[in-house]
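See structure below.
Labels A, B, C and D are assigned to the chains in the order they are written; within every chain, residues are numbered from 1.
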Amino acid sequence: MKQYEYVAKQALAAVGIPIPAGRVVRTADDAAAAVREIGPAALKAQVLVGGRGKAGGIRFAQSPEEARAVAAAMLGMDLKGYRVQTLYAEAKLAIDQELYVSVTTDRNRKVPLIMASTAGGVEIEEVADESIVRRHVDPRVGVLPYAGRELAADLGLEGTLAREFADLVVKLYQLYQSHDAELVEINPLTVVGGHLVAADARLNIDDSALFRHREVEPIDEGSVLEQKVHAIGLAYVELDGDIAIMANGAGMAMATVDAIQHFGGRPANFLDAGGGASVGPTAQALDVLVSMKPKVIFINIFGGITRCDDVARAILQVKRTTGIPVPLVVRLVGTNEREGVALLEAEAISAYSEMAPAAERAVQLAGEGR
Amino acid sequence: MAILLTRETKIIVQGATGNQGAFHTRQMLAYGAQVTAGVSPGKGGQTVHNVPVFDTVRDAVAQTGASASIVFVPAPFAKDAALEAMENGIRLLVMIPEHIPVQDTVEIVTRAEDLGVSVIGPNTFGIISPGEGTKMGIMPNHIYAPGPVGVVARSGTLSYEIAFSLTNAGLGQTTVVGMGGDPVVGQTFISVLKHFQEDPATQAVVMVGEIGGSAEEEAAEYIKAAFAKPVVAYLAGRAAPPGKRMGHAGAIIERGRGTLESKEQALTQAGARVVTMPWEVAEAVGTMLS
Amino acid sequence: MKQYEYVAKQALAAVGIPIPAGRVVRTADDAAAAVREIGPAALKAQVLVGGRGKAGGIRFAQSPEEARAVAAAMLGMDLKGYRVQTLYAEAKLAIDQELYVSVTTDRNRKVPLIMASTAGGVEIEEVADESIVRRHVDPRVGVLPYAGRELAADLGLEGTLAREFADLVVKLYQLYQSHDAELVEINPLTVVGGHLVAADARLNIDDSALFRHREVEPIDEGSVLEQKVHAIGLAYVELDGDIAIMANGAGMAMATVDAIQHFGGRPANFLDAGGGASVGPTAQALDVLVSMKPKVIFINIFGGITRCDDVARAILQVKRTTGIPVPLVVRLVGTNEREGVALLEAEAISAYSEMAPAAERAVQLAGEGR
Amino acid sequence: MAILLTRETKIIVQGATGNQGAFHTRQMLAYGAQVTAGVSPGKGGQTVHNVPVFDTVRDAVAQTGASASIVFVPAPFAKDAALEAMENGIRLLVMIPEHIPVQDTVEIVTRAEDLGVSVIGPNTFGIISPGEGTKMGIMPNHIYAPGPVGVVARSGTLSYEIAFSLTNAGLGQTTVVGMGGDPVVGQTFISVLKHFQEDPATQAVVMVGEIGGSAEEEAAEYIKAAFAKPVVAYLAGRAAPPGKRMGHAGAIIERGRGTLESKEQALTQAGARVVTMPWEVAEAVGTMLS
């Protein structure tokens, strides 16, 4: 769950990491008041898209009057498909240097990873590997100040900056832990007047840990359709094709998308109907696929925990309500396969038992393929 | 023969009295697994399909001598259950739940490393050793058969698809291991491959991978350096766009990392046979074994 | 640093452990208001002495009027040498059962130790060993709910009580850690209406950890004289004899007290002048000894880090200001011994080099001994 | 011969540029100790009595190959310093500061156990091996002499008193170890006795104990079961009233535990010679050695 910049900033401030003076702004009057208080400021759109600055999501105001006008223009604007509802007014900094620091979880080493660089201000992917200092954290020890000092030394920092950096790393790790962060990143970590200030920040919270972070407001970054399917509790990703796909299990769903593409078709979506979903959610998901008005719907089920007869019932239920006005290709095999196939055939829907010919047929029906 | 799980393995089920726990206790028993006890706090004294239920792992282990546990408790309580198991002597731990916080998993696998525990999952379908007639997991019982192929997969249903096609092609399995779909998991391709290396009954290995992370690349390095048996790899996510999680918390091409191309290239260079569609796996294995 | 009962209770409540309704009371009016709010209550003197109840430190009030009268009587009273300044008004409980639970640090095993018993309500020392359940905590793991469940099972608790106890143990350990407790104890942990309630509590905070617990108000339990010496930064314990003692190092000071007693004398105090104390504090400490008007003052110094000439200078400084109107026995050996002895001899004070004859002489001068 | 600390031991000083650190660096050098580096964050590049100072233990160890460290940093920073030392390869760690929070010490000794580090202290005068001409500590240099007696003490000054009396009686020391006056310390009587047991040069051991805790009782059990050399014990606190801390955080008779009587009884029953006054130690040792 990505957090807005201002939420990330407030989290940094709460653990004692210096941030620029800033105010959350939701009206033009707020913006004027904020600039009156903190002086000339950047007004930053609080949206979760990259390249916010280039898209016009960051503007500057020298005076309260200018802030009012700029905020009025920005609030409600469309930024890469997201409506701007909140701005963050932040004092401008006289930046001497830009660093980078982050804490994330290294899935291979299975421990937290601190990355730091003196080449901050750009995405870390664009920083040369040899300019990045990496330090894996032993969870048995955590991050004590000495680890920060070693990192500061690795970066070549000295004096006050080295001390402040060591202290900051300890606090950043605290934040990573206390917030169940997948990523907490300060970029750029700026040097202003000889001291460190977190000029921009990212905080992604582990979705699975939200049960212990009730204060976090859920933000679904998905499209309208994605949000609709997520609300059913299923994993859904919109793609740009026209063959709608449902499969059970994330791996199966991915493989199904791959198979459609393999035969030259264009998958419209990734939809994992779950490893053991019952009739209700399966029917709901199928309803969504129908509403997408695809050229073809392809259902690919390997019944393990999922029972083929349940899937068949869901299909028939949707057929009764919507008629399913597009060609439907079903592959159904596994647990209760016979019952499921019989149910479908009673309604004149035939089912494949192999994945390859079924996928190929779906592509043909869409008028695509080789 | 098999890896990690044999017919002698005595198993407990944590969360045995819940719907999922009770259902799979029955399925595991039906497959022949030695499920010796269930654990559900406050339910001690009950039975689940004739398996005695205890309040604590401590009691269950003391009464049955079990050394393996499969965890079905809800994700928020999974760390507690995992630590309870490990601190009470469990040395093979299968973590079924999905949505366990990643930092909880980090704690679990760190402690497992200290205690020498093999953790499978979380967010896994488990492990099954068809020739031994035993399993710890939620996979369907009927799709496997004894034979010479080891399978290790990140994804459940997809592995069923492939295992079933192997079975249908007359290629049975020594052991099928589900690594789990989470970003951080206990057993990974490398550690499972090392077990298969040691198992004389395993003559070839199928890796079922997917986009995200770099477990496949790391496995490729190991294969190149030290793995002596034929490997067939199939990876899902060829058509997946960057930045989108494909169901699994681990399946995401993020900031240019975890792409299918780098994985397939690494495995090919390591000498594995990489196939592009799941239905090509069985034939490739058959060819390599003949 | 022992904490008052109400501080301990508030700490328990803060981590989510149930406590009876209660109010801190500092005036008779407060007491009336508290009883008006929570009903019939116990008024408990907030002092850090044992046997508070028997000494009249716990009284009951049925009505606000009675509470006003009782509080007026209790506030300002002397309880075993301590003046009662604060009361804690607490709702009376209908107690069905009394348990015991505590977390402390086991100095031998070097890990935290949880103790619990169903035989609560009396001091744990009075509980039969076989009625106490002990569990050492592996700091690598901490205390997770399963540990609480295992303890509950060991105690024979079932159902709701087992669940509540398991939960409580986890929280109590959190409190132990977050407060740097030497001891956190709930005794009795009562069963009221089928639920656990912490009826009385102790919380001792590690003095050495106070730097990270600025919220803790220092409480010096010592006598007036002890507090005076503690304020200089030295360890001091009042004893009931008449030979005042100063030595350097805690072990030396203990051995010196022992030596005086060994020869039949009665030591007036334990005073550790520090392993390397300078002239100032040493003179201040000696001033205190003089002010005690003992029969004899015995100074026993083995100069390691402490320099004998510094000690001699401190003695001479005090002699010049107070005259030291009681017999003084000095044993001075070690670093800069020659200079120190010479300084003293110049002022007609002779010094022993051996401890035994010096201690014996001090006892003789006090007119005691064999 | 000696235990734990020999002439070969390369030592670093954490907090070397502070008053105490610099003073004792000089004293240790004067005694012959191989003090190879100091560590003081932000002071890297300076020297203390010609010893080079580094910003981090990592650098100090890399440059000098030191395996031992003596810590002089203020108590609030001691845990950081201790973990820095241990995680960077230090395997003998002397913790001088007093007033380290007990729970910090628990973390330090727990990690030390995992890494195989010998921790002396905290709140200790350190360790000295007179025959090896080396020390890590704050004890005066002139009171020791080489010889056959091992000494282990909870208290500093009192141990000086006794060591000096041994020296004056012609009874030199292999190694003198200060356990430290805190409730929780790394090396205790038992672990030090085990080292003395292994040291052929140590022919008798003096234990200097005191009220509080039960380290002496535990040592007595070990002596009875497995310690083959003569032991003389002197314990302080005979006249101490219960419930009062006698200076050391560990020296308190609390709730009936930690009394002198139980300690002396246990040691006597274990075959140790218990003397009641410090000046009786040397004669007792002499008698047992002759």
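Heads up, the rule we're going with is that contacts are C-beta pairs under 8 Å (C-beta built on N, C-alpha and C of every residue); 3 or more make two chains touch, one makes a residue touch a chain.
Model, not experiment: these values are computed from the prediction.
Counting only chains that touch, the fewest steps needed to get from chain A to chain C is 2. Put simply, the C-alpha centre of chain A and that of chain D have 55 angstrom between them.
Chain geometry summary: the mean Cα position of chain B and that of chain D are 50 Å apart. Measuring from the averaged C-alpha position of chain A to that of chain B gives a distance of 27 Å. Shared interface positions of chain B, defined as residues touching 2 or more other chains, are 114. Contact of a single residue of chain A with at least two other chains is seen at positions 140. Under the stated contact rule, the graph of chain-to-chain touches is a ring, a single cycle where every chain has exactly two partners. Pairwise chain contacts present here: A-B, A-D, B-C, C-D [touch as defined]. Within the complex formed with chain D, the chain A residues making contact are 138, 140-141, 144-146, 149-150, 153, 159, 162-163, 166. Put simply, chain D touches chain A in their complex at residues 41-42, 55-59, 77, 79-81, 83-84, 87, 111, 114.
Residues 75-76, 98-107, 109-110, 114, 125, 138-140, 143, 153-161, 164, 181, 183-184, 188, 208, 210-211, 213-215, 218, 236-241, 244-251, 255-256, 276-279 of chain B touch chain A in their complex. Residues of chain C that touch chain D in their complex: 105, 107-108, 110-112, 123-125, 139-140, 177, 180, 182, 206-209, 211-212, 235, 237, 239, 247-255, 257-262, 267, 270, 272, 275, 302-306, 333-335, 354-356.
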